[in-house]
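Okay, got some structures for you below.
Shared chain: chain A. Partners: chain B in the first complex, chain C in the second.
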Partner chain A sequence: MSEVVTAHDEAHHNSTGIDTRKLLMWIFLGSDCLFFGSFIATYLVYRNRSLVGPYPSEILDIPLTTISTFVLLMSSLAMVLALNYTQRDKPVAGRYWTLATACLGAIFLGFQVYEFNHFVNLGLTPKTNMFGTTFFVLTGFHGAHVTFGVLWLLTFAFSCLTTSLKERAIIVLSIIGFLMIFFATLMSDWLHVIPHVPFNTVMAVGGAGALILLISVILLRKTSTPKGIAESQTMNLELSGLYWHFVDIVWIVIFTIIYLVSAKDVAPIIGM
Partner chain B sequence: MSLIKKIKQILTNTMFHGTETYFDLPKNEFDVPSPQHEGPFGSSLSKSISLFKKLTRSGGHGSPAFYLIIGVILSILTYIEFAIFYVESLGALMIPLLIILSLGKFILVVAFFMHLRFDNKLLTYIFATGFVLAILIFLILMILQAF
Partner chain C sequence: MTTLKYPTFIPRPKEEYSGFIGTIWSWVTTVDHKKIGTLYGVTAFIWFLVGGIEALLIRLQLATPEAKVLSPEVYNQVFTMHGTTMIFLVVMPLSAAFFNWIVPLQLGARDVAFPRLNAFSYWTFLFGGILLNLSWIFGEAPNAGWFAYAPNSSFPYNPGYGVTFWILGLQALGVASLAAGFNFLATIINLRAPGMSFFKLPVFIWMTAVVNVLIVLAFPIITVALLQLMFDRQFGTNFFNALQGGDPVMWQHLFWLFGHPEVYILILPAMGIVSEVLPTFSKKPLFGYSFIVFSGIAIGFLGWFVWSHHMFTVGLGPAANSAFAISTMLIAVPTGVKIFNWIATLWGGSIRINSSLLFSVGFIAMFVIGGLSGVTHASPPSDAQQQDTYYVVAHFHYVLFGGSILGLFSGIYYWWPKMTGRILNEKLGVAHFLVTLVGFNVTFFPMHWIGMDGMPRRIFTYPEGMGWDLGNLISTLGAFAIALGTLIFIFNVFFSNRGPKNAGNDPWDARTLEWTIPSPPPHYNFAKIPEVKYRDDFWFQKYPELAHGEVSGASVSEENNDEGHHIEMPDMSYYPFFLSLSIALILGSLLDLSWNGSWIIAGVGIFMFVWSLLGWSFEPVNEETSNQKDH
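Right, the complex of A and B next:
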């Protein structure tokens, strides 16, 4: 088995001495810089050009976005710890941190779902004004990247960091439990993203989800994964980590430019 | 005349370790004055640089504690960004400050979380090319918009 893995790994090297997959990942990230750079530039070009409201100063919520930025930064920290523990031959800790990264990413997505829903309720849609168009396209594409990253990490934890059917079942259970808490939070009276759900239903879904998550997290502490499996998956985890950190740095730029710099923008003075 | 000579000798003996001329720069490693780390900072500068290198390059990759410290620094920078958003007196200084802080966060994540500091330099050049091109697109758009 180990010989096969070694031959497989050696096949990925080239004259640069870097793993081909890693090289390709960095080229992709460099090109993704152009993708997001174009959207951010478009946002700034059309800044202060909305003829009708709502304007950024009326609806952007800086404290809320700071919290979601913090969540995404912490998910990046969890990702780097997942890779570090996997490299140090501690597959259980590595798997816990991988799942924690996906959970924090999903919490960030929850913040974004709430924000989009809130903005639409306040009358800002992509059709409303230039701010709406550029804002929703930029943050929407970023959210799509985060969604893809969460799916990638969950699939990875499910398929590559496990060996037995039992472990996979436990991971699926933990995902189901987390999703139940996620939707219960969105249904709650406080966020009101999914409206008109009775309080008892919300509590039942949330409580059952928390219980399932707790049990599955406790069950995950014992593993049947041989150490070699985690070792051969290090490069794959590193690639998903690179993607995840890239999504994080894009959000660092978006948080500064879209939220902090232009949050005080009001209606433009017409006829300059 | 003798007084000036005497003063000069005292100065050279006390400050420059007996060497006659200060501007006679060392040409090779044997010319370097025997007490190491001569200068205003003493050995503190070179020691802190070597400590930084040791911390960030411990066996190719950092320890979990090292990444935790980076995470704490990132959180503090985010909090500072959040705090200076509400400082009205900053005025036009706010935007450059925010950009510098976010650039610091960007560099911390790219260098340490994405391991660019530990990795092959080629990867840094590839990513930097994409980043610089993105900034160029941004600048060209802003210039075109002005006309």
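Right, the complex of A and C next:
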């Protein structure tokens, strides 16, 4: 009786040597391929089937979206660096790059908000025509994926790379600072997404945000996190990294198909 | 090593509960695959009774010409909900009950790979089913058929709540199936007992793996189709709006691209069960193990290339129709291979006839009939005659009831002793089988004839003198015989529950690992994780003289009867329950966007979603998540 079995290794005996959580993530990503695949297939089926304008050639701004695509691709680079530093047990650099990844993702989302708003101002809504329907729903669900990834990375940076309450407060502060700049940009005359905000208010919000961000970034250059913590969180970050890179790859496909392939689509070609 | 102190949101569930509320709470917070399997089974069986009552209402309405049991509107709702219920709320979760109960036991594992995700799957399934059936309370159940063809399901033609309920309920059920699919695949790939290579897996595990690959790849497609339909209905997009250039046929493609793999999601678990039952009761190894496994994989693969046979009369053109006719005929080959393998398993065996074996043999016979009528509409010209007639209804009930349900009942009789420790009464079991089999054939065989005579599906009544009267009346009588058979089964469950728990570890002299441990199994399943040398390892432990080469003399069953081991099992958690509830709330809030209360429900749902997701992530539980540091 009562021989104590430390069944830990037995209970979580692993047949393939692949981390089970990583396996789950890969299976999920395989499934998500079919999700985006169905939306992309729908887009291709309905390409050139809008009965009224605006058509893609009249409305797509390829240079602008090239910039936002570049931002998203750079976020993948930041993701790789974040993982690399975390693996080497460097919590400060790991944290900077994790926050940078989320920040670049958020900038990409800002471009998307601007683009959606701009298209609606030009008369293209999800109800207008087949292009509007397929464009907004496909890129919208991609944006939802990016949003989830940003929140995931922020949660990780907040909770997994530090044990100190003070540092967590500074991370929150940095996020607030970033959001203030973000909204100030959307309120500006230049983008005009949030209209009719006085110039002084925009400058005040943006300036205060920049100051908060700067101070918190400087404060985050030191950490009281003990050795080993960052390294122990590698798998948590790697999972979000897999997700992040996947969402980036999906965007490359979407960018190619919507912005490059169908950029010159003009008049409806019905009954071909 | 220093560990992180995670923020805690609310207190942890306790280890022990007492009293009535405590018992409920212990089921709500459970992550034990056996308890979750039981929840799945009981819930699915209750839906089976609901779907059965809907079927009886349909049969009562059609028993005589010009009957007035149901109004045309209610008839549409009843047949839609009958199909939806039986597919998504009965056959799939009943299969999931077996996945939950049996997969870890046959793998030699203590639980599934992600116990909390498993609980999440169950609760999401439950709330999805409730959301779907809430439509009855609003008096507007879905009425567009289980396939909800656009534009019949689009807002201008179907403005009620019914189809919206259908979309949202199915969306929740899809989330549940996907989560379970990820979980079972990860479990099967990574939690096999030492030595259990892929070609030593029991066939039931193989079929579970194929089913879950299909779920993981097919459900995102229906998710997208449902999202598109929902955007059309709720936000005015044009996916299926022909006035703006949208194409209703697109819905059919997306739906059947999901819908045909779904057919194999429904039948393959039963095939897995039959492949376990037949060898046990014939005392022979399964004939052609590799052939059966590869046939299952072939069915899963070919199942992706046949969807347009549901659309032969749409007018896709001769090229598409020919291609899909060929692929459809091709998929009959691996299915036929399996039938012959099962018959060859029985051939020359020392057969022990009992209710479980009878249901399996019934499965083979009925599935052959359903398969043959299926091949007849693989040919487009022939299908043009049969499309939308009762001949098709006869066909798919032969494969889904005669196939899936008989196979699942076989599994219930087979594994009941393992799950409860009691063997179900044999005489009542045989009576259940005979009444069900006869009732089933009386119900559905006449439908071949009235279908060939031209009676269309989905009509709420028919005039006298079409030559359909007698067939319909016989069908209705048969349906009540099936109901009687089900009542016998329910009686059997309660009757057998009074008997002693004397099944023992291995009542059937079976072959796989679940029979090495006590019935019902202890919380931790295996005191010592078994090591596997052979396919049907337990059989060769019992009969080493039958194995080629040496066999380890150690008997697993003795070691596993030890008690008092301190084995760390995953902790209970209530986050799965609340995460599921939050998803149901968020989906429910999409029902009527013009109602202000929706925003409150959505707000509560989103708050609960974020809270449970964070709580789930940081909960210090003893499962894979928290074990990373140990390696």
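Throughout what follows, the second predicted complex is superposed on the first by the 255 of 272 C-alpha atoms of A that agree within 3 Å, B and C clash if a C-alpha of one lies under 4 Å from a C-alpha of the other, contacts with A are read in each partner's own complex, and residues count from 1 in each chain.
The definition used in the following text is that contacts are C-beta pairs under 8 Å (C-beta built on N, C-alpha and C of every residue); 3 or more make two chains touch, one makes a residue touch a chain.
Owing to the predicted nature of the structure, the values given are computational and were not obtained by experimental measurement.
Using the contact criterion defined above for the overlaid structures, shared-chain residue A:Asn200 touches neither chain B nor chain C, since it reaches no partner. After overlaying the two complexes on the shared chain, residue contacts for A:Gly30 are found with chain B and with chain C alike. When the two structures are aligned on the shared chain, A:Thr20 is found in touch with chain C, with no touch to chain B.
In the superposed pair of complexes, A:Ser50 makes contact with chain C only, with no contact to chain B.
In the superposed model, A:Asn84 lies in contact with chain B only, and not with chain C. By the touch criterion defined above, A:Pro63 reaches chain B but does not reach chain C. Of the two partner chains, chain C is the only one that A:Phe39 touches; chain B does not reach it. Within chain A, the residues touching chain B in one complex and chain C in the other are 16, 18, 23, 27, 30-34, 37-38, 42, 45. If you check the complex, the residues on chain A that touch chain B are 16-18, 22-23, 26-27, 29-34, 36-38, 40-42, 44-45, 62-63, 66, 69-70, 73-74, 76-77, 79-81, 84-85, 87, 238, 241-242, 245-246, 248-249, 252-253, 255-256, 260-261, 263.
In the complex of the two chains, the chain C residues touching chain A come out as 1-7, 109-110, 113-114, 178, 181-183, 185-186, 189-194, 196, 216-221, 223-225, 227-228, 231, 235-239, 244-247, 250, 254, 524, 527-529, 563-569, 614, 617-618, 624-625, 627-630. The part of chain B that touches chain A in the complex is made up of residues 61-64, 67-68, 70-71, 74-75, 78-79, 81-82, 85, 95, 98-99, 101-102, 105-106, 109-110, 112-115, 119-120, 122-123, 126-127, 129-131, 133-135, 137-138, 141-142, 145. If you check the complex, the residues on chain A that touch chain C are 1-5, 7-16, 18-21, 23-24, 27-28, 30-35, 37-39, 42, 45-46, 49-51, 126-127, 129-130, 132-134, 136-137, 141, 155, 159-160, 163, 226-229, 232-233, 235-236, 268, 270.
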